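Each chain gets a letter, A, B, C and D, in the order it is written, and its residues are counted from 1.
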Amino acid sequence: MRRLASWLPEWASPWAAAGFVVVLVALYALPLVVVLDPYTHGILTQTFMFVAAALAWNWLGGYVGQISFGHAAMFGVGGFVTARLLLSTDLPFFAAWVVGGLVAGVYGLLWGHPTLRLRGPYFAIATIGVGEATRLVATFWSSFTGGSSGISLPIPSGDFKQALYWYALYFMAAVVLLSYYLRKSRIGLGLLAIKGDVDAAGDVGVSATFYQDVVLVLSGIVVGISGGFYASFFSFIEPSDMFGFERSISLVLMGVIGGIGTILGAALGAVVYVILQENLIASYPDLYLGLYGLLLVAVILFEPLGLSGLLMRGARLVGYRPGAGVAAGGIGGAAATEATGGAPEEEPTLEEARP
Amino acid sequence: MEEVTRLTVSSLLLAGLYAVMAYGLGLIYGVLRVVNLAHAGMIMGGAYLTWVLHGRLGIDPYLSIPVVMGAFFVFGVVLYKGLVRFLPRGAAGGGQSLLLLFGVWLLMRNAAYLLFSGNDQAVRTGYSTQGLRLLGVSVSVNRVAVFVIALIALGALHFFLTRTYLGKAIRAVAQNPDSCLLVGIDVERVYALTFGIGSALGGLAGLLLSTIFAFNPSSGAVELLKSFVVVVLGGLGSVVGIALGALVLAFAESFSILVLPSFLTAAVGFVLLVIVLVLRPGGLFGQRVLG
Amino acid sequence: MTALLEGHSVSKHFGGLKAVDEVDFHLDEGEILGLIGPNGAGKTTLFSVITGSIPPTSGRVVLEGKDIAGRPAHRVVHSGACRTHQIVRPFARLTILENVVVGILYGRTAGHRPKTMGGARSEARDLLDFVGLGDRAASFPAELTLAGRKKLEVARALGARPRVLLLDEVVSGLNPVETQTLVELIRSVRQRDMSIIMIEHVMQAVMGVSDRVMVLDYGKKIAEGPPGQISRDPRVIEAYLGEEPEETENPDDGTESQGA
Amino acid sequence: MVKSFLRSLSLWVFAVALALAACAPTQEEGDAEGGGGEVPDEVLIGATLPLTGEEADPGNFYKEGYELAFELENEDGGLEIGGETVPVELKLLDDTSDQATAVNLAERLVNRDQVDFLLGTYSTTLVEAQSTVGEQNQIPYVNGGGAATAIYQRGYKWIFGSLAPIELLARTQMEWISDQQEAGKIQDPVTIALLWENTSHGEDYRKGVQDFADESGGSFEVVLDESFELAGKDYSALLSKVRSADADLFLADAHLPDFITMHRQYVTAGLCHDVITYGARGVEKDAAKALGQENVNAIASAVWWNGQLGEQGGPNEEFINAFKEKYGSDPEWYQAMGYEAARALFHAIESAGSVDREEVRQALVDLQMESIVPEGELTFPEETGYQAQYPFVVQQNLPDGSSPIIFPEELATAEGLAPNPNCKS
């Protein structure tokens, strides 16, 4: 273990890295070992995509403390740019995703640079405005988005849909690594300083403008790529679905219910969200909104770290001591009450991705 | 020219409604520094309560104002005492209370859905489709009534905040809760009261909306967003500012149809919201003090 | 010889209020300059203008030959001036060590910061030892006493290795013993090749360590000179006459609410 | 004390929610063997509908139509395949009006529940998204809920639609107006204010009107062409523009709630036009209730199906009687179209004599079924991408509360009112 550790960047804990690799390999091999029916296969693929998007939302919402209700804007931009590229150029699909993501990132910067100076609720409200304005303009701009008829892509072959599983897995793995990097490196400290006290951070040399912009652009790129991936996966996209307020809300719910500000939390949130969406909602469709509402209220009142916090409690019951990094999560406000030393945060268990 | 007159009249009437919608939100934010996303639920709930009272008991919507406002006042107080009270207020707690009340909104939507199904409903009275002429323009009787009630409500609120002991206490708490504690104002009680009044105004807005528009359990979202725009335009908490903000929004929305495709006029408010937030975070007419 | 830091007719107006009014000042290499004045004299506002928290209405602030007036706060820090806050503002979610690491990693320009996190942490440990918080590195700021948090505030600023350190009332609210340790701390900071401007209400502290003292009243500079001379200056005595006894800061105030 | 109780309560909520999610009935054993030419014990047909969410109302209407079709088919044993009668079963899931859910559930029906065929969901965007599953899995997908031509212009081979396109709806209305022009009841040339909801439904409607006007050689001129947002609230500015445009005809396309909201504002603004239509809306009882009969009079609408078609006997009469017996109410076009989509699929399976997907697809391509749609025959022509084509019926609200068919003439049960007599005053 020691020797392995020397290979790693200093912010990575060897145990976490090992766990990460194991989970990744297991998920990689899963469809090769077990025969997954296309439905399960597809749900897993979508789960990976949502984990990536939720993590990216969390960079802004959890690391910097700027809660965005407008991330659908980037999801949609990424999706439609990708779709247009796939329809009108010979670009390979992954290149189209990346270009879609980049355009989404630039779009994020465009509205984010001015609005990120706002703090707390003001920023949240501004993002609602951005999201809705983007949706309306996108719906109206039918030469680009196909208007409310949307855009259809050619139906992918079965093989391609199979392959999307691994692409989604690589994408998610990259985003997990990036999350870890953003959280544990020099940048992570700066972001937490900004989240804690934006003025005091400036007074010790942290440029809030710069780092918030960077985070939003990165977040926009990842969410944009998710949108492009979504377009490839479903081969039909339409503005009110892609840019809808519900889409932004789903990212907020994943982040908050899972546990805002923690990697495990956002990943867990996405997994639980997909499980709920697929199973619970299909069985108890009349109750799902209320269930989300209840979860949200319960999380805010009793467990600011959401499901990941709940896991920590469980872990503590069996004697595990969570690390100091946990204190960095939460929505904002009260200082951490516990201090247990500098042990690193637990690695997100991707194993949970299996419904 | 005639079109300008028509648009002016309809903007003016619309502004009254916008002001009532926004005031509840602005009051709660101004005093507690809490963004009440459940305001959307109050609006939706107010509309349904009006509908039930009218449909089941045959009470005219305008006569049920005290019932609706009373019910939502109580609801707001309960919400405050039961949930909001436990959260930190102000900049530190902004995110938490915002998300908590968002959860409450989802719960309210679900409750309405279970009770009334997702169907669109409308309150129809004998005068629902009657028009009258105002400045040479045909307008709905209902809209004029809504406007007049909105003016009365805002006037009453202004009087309450500036002339009564409780109102003054609310304003004092809005300015400085800590020193209020020192001079013996029961800050917690003022907070609960404010939350109640803000919710009652949300219920009133729902009532007024229900007489003009159709609604369903998801209603209130658009109204919430417009309320934000008004509050942001008008600055937090001043009756005059809110009224001006409502006017600006209503006029911007209505008149933009002269230059924009009508579909895009819905985006005008949102764009305005973002621009004003960025350029004038204090509001166009900027004071933050109540009164 | 030009001064390390100079201000030329620095003004800051809030509407009609002239919080800082045409103030000239200078700070020489290795000097400790005390900044005193009654409540509301504009001392903290002057700090905020110097460090870029708020832009001046007019005037120039020159640090090592460069005009830094109006630069954003983080660039002022990189230019070599770093402040502490009268009401301490630690990053509540970071450990004490990490608080200092932020100063080290972000307060300096690229060539001067440690290459690795490990390097930064060990430097931060040294700084915590230096201010006397070495054994609290893994705790959170909320667990410290007010004196501890004030020390943390200093350590975090020291992490930036500023040429000029601006200390805003670091000893107010502390008991005499704590005050003494912090005064010692300030003295030893000077050994680190830093120059200091300190705002202080506690006369004994400021007179004891300052080389020179500047007095503000209603935004204007009314006196400047060696401590001994200032304490006898009639204008200064007049400015302070009738002032209420020192209102001490409530130790619990303003720390919990700084979180978000 | 209370707080700690609530805390443990919240933990329970988490736990129960997750347990529910994990244990929710996710699947039944797929029981169809699905062999090529073999006759199965049972034919399993999968479908999703928006039983909750935005489209819950029409979704539940379609459910009634589907269930009636299955019940009638099984009454006499089921489908006749290869000389045997085989019961046919419907596996229906709720897609909650959400596109991704509609797609995922269809995938689940095909791959987990092993359904033999798919029936479609309701609303164009949901069908447009979901039909990709049929195409990808090469399984016949028959829908009665997606009318936009965009669905059928993608070159798909496995998607069949029983709703004639909205463009035809607009065209039928325009033909009626054109007839009135010839009869001298409506002036020629005439100006049109055209408002359409910004959905694919509205886009197709607009195209239908616009194309007809362009081909009319100057008889029709669109002087106002505006879209509006679905579920908008305040149309007063838009209607002010309508007034300024001073057109003769008011042609709009809207969903039911928007129709009611907009028309209420239309009435109170004192507007009146020689022809008023909201596309397919107008005869709904909810509308007369919300607006008052006097305010919905003379509104013309065009629909795929109308109960009065039953007066001509045949499959319509059979359908209407069976529907009344089962549900105790009159069917609207939603139920009829759901019913008819299911019947088309049954018909194709029987004429293929097998549950082989390719053979049934071919039978659908060749389908010529005696049908409840106007003009009595349902086909899925290849040149329209397997979207059925038949004329709409134009109906108009009369002061006595009835809404007779007024066009096309051969189906008409009454003479239409044109120009709108209410405008005289």
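Methods note: a contact is a pair of C-beta atoms (placed from the backbone, for glycine too) under 8 Å apart; a residue touches a chain by one contact, two chains touch by 3 or more.
All of these numbers come straight from a predicted model, not from anything done at the bench.
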Path length in the contact graph (chain A to chain B, fewest steps): 1
Between A-D and B-D, the pair joined by more C-beta contacts: A-D
Chain whose mean Cα position lies farthest from chain D: C
Whole-Å separation of chain centres (CA-atom averages), chain B against chain C: 46
Whole-Å separation of chain centres (CA-atom averages), chain C against chain D: 72
Chain centre separation in whole Å, for chain D relative to chain A (CA means): 37
In chain C, residues with contacts to at least two other chains: 256, 258-260
For chain B, residues contacting two or more additional chains: 86, 88, 91-95, 113, 261, 263, 266
Multi-partner residues of chain A (at least 2 other chains): 65, 119-120, 136, 139-140, 286, 288, 291, 294-295, 301, 332-334
Chain A residues touching chain C - in the complex, by the definition given at the top: 10-11, 65, 119-120, 185-186, 189-190, 192-193, 195-197, 199-209, 324, 327-328, 330, 332-337, 339, 341-342
Interfacial residue positions of chain D with respect to chain B in the complex: 3, 52-54, 56-57, 198, 226-229, 232-234, 236-238, 240-241, 243-244, 256-257, 260-261, 264-265, 267-270, 289-292, 295
Residue numbers on chain B that touch chain A, as the complex places them: 29, 35, 83, 86-88, 91-96, 98-100, 102-111, 113-114, 221, 225, 228-229, 232, 261, 263-264, 266-267, 269-271, 273-274, 277-278, 281
Residues of chain A defined as touching chain D within the complex: 37-40, 42-43, 46, 136, 139-140, 142, 146-150, 152, 155-156, 158, 161, 234-236, 238, 240-241, 272, 275-286, 288, 291, 294-295, 298-299, 301-303, 307, 310
In the complex, chain B residues that touch chain D: 2-3, 6-7, 10, 14, 86, 113, 117-120, 122, 124, 128-131, 138-143, 212-214, 216, 218, 222, 253-255, 257, 261-263, 265-266
